[in-house]
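In what follows, structures are represented as structure tokens.
Shared chain: chain A. Partners: chain B in the first complex, chain C in the second.
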Partner chain A sequence: MKVVGARLPRYDGVGHVTGRTTYVDDVRMPGMLHAAALRSPHHHARITGLDVSAAEAMTGVHAVITHADVPLLVYGHLSGAGIPGDEPLLAKDHVRYRGQPVALVAADTVEAARAACAAIEVGYEELPALFDVRLAFEDDAPVVNDTFGNWYNQYEGNLDVRQIRKGDTEAAFDAADLVVSGVYRTQSQEQAPLETQVCVAVPEPDGRLTVHTCTQAMYFSLGVVCSHLQMPMSEIKMVGGTVGGGFGGKVDTASDSLTALAAQKSGRPVKWRWTREEEMLASGNRGPWHMEIIDAVSRDGWILGRKMLTIHDAGAYGRFSVYGLTKHSFHHTGAYSIPNLHFDGYVVFTNRIPTTAMRGYGVTGLSTAIELHAERVARELGMDPYEFRLKNANRVNDTSPNRIAYEDPSTVEVLQSLASATGAELSDELRTMTRDQRTGDMLPEHLTAQVGSGGGH
Partner chain B sequence: MDLTVNSVARTVQSPPLASLLTVLREELDITSPKAGCESGSCGACTVLIDGEPRRSCLTAVCAVDGAEVTTVEGLGTPEDLSRVQQAFIHHYAAQCGFCTDGLVVAATAYVSAGGSADTAAISDALAGHYCRCTGYVKIIEAVAAVARGDEFDIAATASSANNTYVTIAGAGS
Partner chain C sequence: MAIHRGKGLATVEYPTGMNQNGDPSQAWIKVKPDGRVDVFSGTADIGNGSKTIQSQIVAETIGVPYDWVTYDNSNTDSSPMCTGTFASRATFVAGNAVLKAARQVRERILAVASRELEIDPADLEVADGAVSVRGTPAKSMGVDEVAGAATFVHGELLTGDGAHLNPGAAIVDPETGEVDRPPHAAISYAACSAAVEVDDETGDVHVLELTHVYDIGRAMNPTLVEGQIEGGAVMGLGFGVLENCYPYYPSAEHRGGDMSTYHVPTMAELPEIRNVLMENPSSGGPYGAKGIGEMANNAQPAAIANAIHDAVGVWVTEFPITPERVLAALDAKREGRGEPRREGRVVAFDEEMSINRFSSTITWGPDVAPPMCALRPAGGPSPASQDPFTGRLNQ
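Let's turn to the complex of A and B:
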């Protein structure tokens, strides 16, 4: 234990305070070009024509990249996990969200690149757009995603829904003294790192590429770039690790593949730095979640069972949303022990920016919903919210929705600390409660079946 | 146009309406001012112009003809850190570091003008700077420490210049 509790200097601290740290935008290469993207002005449209000849003929323009230049156009961020790819690196037949890249230009200056983007002719036939996940299931809803339809449909067992079934939920609701329901909706949120998406790609004399990346996930991004470019990993060298903030927003490989293609096509080093407007408009953000919770509750304050419906807004393409929803489903009881569960979750596509990770992917909005709901249940019971939470708090060997026995749940201590910090009064029984396995009054009939199984993992 | 940048006389060839940020980064290769938003919102491009903190992204270079411009490179070096730089390291006020250079510049102007250790006054002075990592608390602690005249344990903190972790004697077992 030489590190815990010690004052260790940041290894990068001196560089950070003296302007010496080299971020991707600080990388300079001789003859480096600058890139700019042409992005969709529409939320949803069919592309009827794409002509880049005028842009290619402009002075100072060295490469124009369209869908035809991408060796593997459609790839999915979870393709490696067996989830089919659905997102083209550059739009081909359709644009499905405003800001979706259609072409990338590499030119002597960023101004020349932007001027060339403006000279690209794209024909669009606008289509009705879908923004509200609740309307995605209607028969006449616009179809957003041509791989999956309006919601992801390839879970295990060919299901189109992520399900959790545990215990006997119907019996729990039959036994309930009170049924409390609530609908909770969280908004989307941009991670807003101060460093926008940025990449510098350098073609090497032997045909290899060096890619200076701002990614939060180096080897993951290496795989994505190699897939798009259909190059072996031995031929692409990724240089990274210095990230000007990410917060999940740099898990998606946003700029590396296209910059690499532009470097390859132009034969010159290329830098592509997104503007702040592009960062806000088109980089993946935290998605909205629509959550409906119905709890079966006993008069003395036990949650006997929970039914939950979640609809996650993935935006136009899947990226990591199936992973996010799965994690969400595993956590849908939050810090509380509920033995009888019926969970249905959908990843729904809308004509919005594809959504992605941000600090507690799939769980942050869920925790908000669970805690608001706990407060609502306690109020309807007329019970002290601390007492309600502590009774139901996860204890050692209680099991999670995905049937993992908790080894070290901290809910009890967290609630006691919170009460202490806010001056809330707890009874002696609640103040001295521990995380230890349930016994006595804290082991009611409905929890006996799932307790004491001892390490169900 | 002629500028003095970090005590060195420079003649600038960029167009007169080029932003000072672009001139510093692209013509003079001084990369500590960052292009976080290029619209005057984030503060990452802050430099001192004749001692006053200013947003270089909103400053046309012709407007600073003849002025003295100081970036964080001009405040101290890894071998000779300024007190504000020492404080930012000591108090862990730099995390990803992208906002840090602008904040160090602004904090330097604040303490140079005799700013106090009062947290509200420091918050006010640094209000034009976004930091997405720290939550600001450590930044304010660092600036307050400088204003108070604290000593910083640079032997422990600056020995990281060789990019290795150090083990603090007697910390744990």
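Let's turn to the complex of A and C:
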């Protein structure tokens, strides 16, 4: 093999570093209008009136889009996975977060579009906002989400919690020499792509729409636009594939459907480029995670069992949060084999911007919590951090939290290699350990039941 | 007051492909009359290098030079379905789709060359843009000649299509989370060591060095892999010590709306980054590859936190690890509140356990739920004079 494995230059690298790559914002069409959004100034409010007539009458304004213009207002991005939709493309009766779009204006210039936004009359009756996930469960908490209440309640089996149960956790805790607990909280992080969300939608003479998109997922976005506009996939052509940074924040691009609607209504090409403020204050970012871990540990350094509670602050609407939590639950043992597990996880809604995917979705905060906890347990046992991790590292045919055998876990090798690269000393026993299926000293009684028989990854 | 140095460690695993799978990718390829190869895929390149990686897979699989391959992911009319570039799936899932399409193209090249050379296709091989007879390298013809013959002599189009789908894994028991088949395409593994300096007067954490080891099955293009690792390391550094959309979480006040009020790492914070790539080929990935993109920012935050503990003996468990949080932890330690509660076999590091409150089935932990985040006093309205969403002046 010569090509695979070679340090070839990037296919598109020269264009990127010389400024010659065509990104969506570089697309300019004759007669192109510019869009601006009117967004909620309130964290939580009932909409008591919406009057766009003054805006529509302004010079240079060609289309004002409100909820009434959207053929399918609520479309569930995960409806294919059985998760109902909950988020309107434009606010109708309520605004649930500050920055939620209420209307979109397409005008000759961005300035004219912004001026028209300011002329839209919206009546708001402010409602108490909920920001603290702990309070979401209180009886008198403000209700954030019309569809689900204050936490997602439609997991398989009609559960309102994502569960993992494996082995006999109570017996593991009874048998433990140490029971070590800790709480870990990770924050909301902005994807911060260089390119803010941007879209150019063009009505074609044959009645089709061309949508120049910055999406990370052209076919997913095609499905979203087709759903909101109630058009078949043959009628919309997504043009994209070259993205100025996404990091997860451009999977569920909010700009495509609204720009397409504005182009359709105005009959003109429309560009909608978000400001940096909109990108940072109104687009989905990485959500906060609250994680509590309690490990049952033996004096000689085995993790016998784990109980864990996770509360994910999803913001006002579900988007991909249930997916993120489920992925989180599947990986809550990290790189270790823990045979007895009891995991409960909740997706909780608050009146902040809906969170969405970001690099490491569902797992970044989790890895952070697990590895801090591992270090604490190791120190409490007086064990070397490498030794504790290598001892508990997952091995071939150990089973994951959902009982799938690990096919090729490299935890042992990457730790050995890291020790070597950083000059950390390992004992002969740890240096010669392999990832092979457990035998002998590495197969203590408490792990015998959980070693699988292949068939996993 | 002094600067303290410490080292910390973290090891992580991360799935390739969407959780629970079921995320298809498709591709098709055509060959021009001069043998040049056009790939059509729906995979967006978000900077991850998927155009490059998929072009490499096609060139390698067909047996033509890399610069013979053009790659078109520009629109949904000409490119077939791809679920998208996320979930660390572009190399593995979409890469398998172009791999399968390229294998078909190679078969067609061999079939036409077989007729031209009057040799059984099983005795032919394709490499460097030429079809040759195994063991008789002198007898050969260029892929350009094969493509020309296909077009102008045989009236055929050299083409191929491919699709990849790891079937969806269902949760068959919602009580236990048991699934009916593997819920990922593969799992990648990594470990990270952080070296830090902590200033016990200012609380400032300076990350000096991040050393990483990644096993991603096969490094399709080591330069791009290192790009993912280094970009991810900086993002993990930001997550670890700098970035927070809600600095006073759960309060929604004082959000940073631009790069002067939301601090991502700059060159000033860039540590020395060292990388080791290991290759244990996966069973299902193209040429043994697994995903790398997302996991690249997962190990640094804990490695940095553990290094801070090594340096100054405090655990900071709320992120990012700001100077304020470091100083608060140092104060707590000085005041004798730095140790966990140890009672019998119980070691309780953080007393804010709320498991009893939310889960009737978990019975361990004191039944208290004090504030999840210490709420700081509200600092007044945002300094912006104009509302960014309505264009109106703040009252």
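To be clear about the criterion, the second predicted complex is superposed on the first by the 451 of 457 C-alpha atoms of A that agree within 3 Å, B and C clash if a C-alpha of one lies under 4 Å from a C-alpha of the other, contacts with A are read in each partner's own complex, and residues count from 1 in each chain.
Simple rule for what comes next: a residue touches a chain if its C-beta (ideal position, glycine included) is under 8 Å from a C-beta of that chain, and two chains touch if they have at least 3 such contacts.
Worth saying up front: this structure is predicted, and the values here are computed from it rather than measured.
With both complexes superposed, C is the one of chain B and chain C in contact with more chain A residues. In the superposition on chain A, contact is made by A:V4 with both chain B and chain C. Once chain A of one complex is fitted onto chain A of the other, the partner contacts of A:R114 are limited to chain C, with no touch recorded for chain B. In the superposed model, A:R273 makes contact with chain B only, not with chain C.
Applying the stated contact rule after C-alpha superposition, one finds that A:E413 touches chain C and leaves chain B untouched.
After overlaying the two complexes on the shared chain, residue contacts for A:F247 are found with chain B and with chain C alike.
By the document's definition of touching, of the two partners only chain C reaches A:R134; chain B does not.
By the touch criterion defined above, A:R28 lies against chain B but remains apart from chain C after alignment on the C-alpha atoms of chain A.
Residue contacts after overlaying the shared chain place A:G19 against chain B, while chain C stays out of touching range. Shared contact residues of chain A, touching chain B in one structure and chain C in the other: 1-12, 192, 243-247, 275-276. Within the complex formed with chain B, the chain A residues making contact are 1-23, 25-26, 28, 191-196, 243-247, 273, 275-276.
Residues 29-32, 34-39, 41-42, 44, 71-73, 75-78, 81, 84-85, 88-89, 92, 94, 96-101, 104, 130-133, 153, 156-161, 163-168, 171-173 of chain B are the ones touching chain A in the complex.
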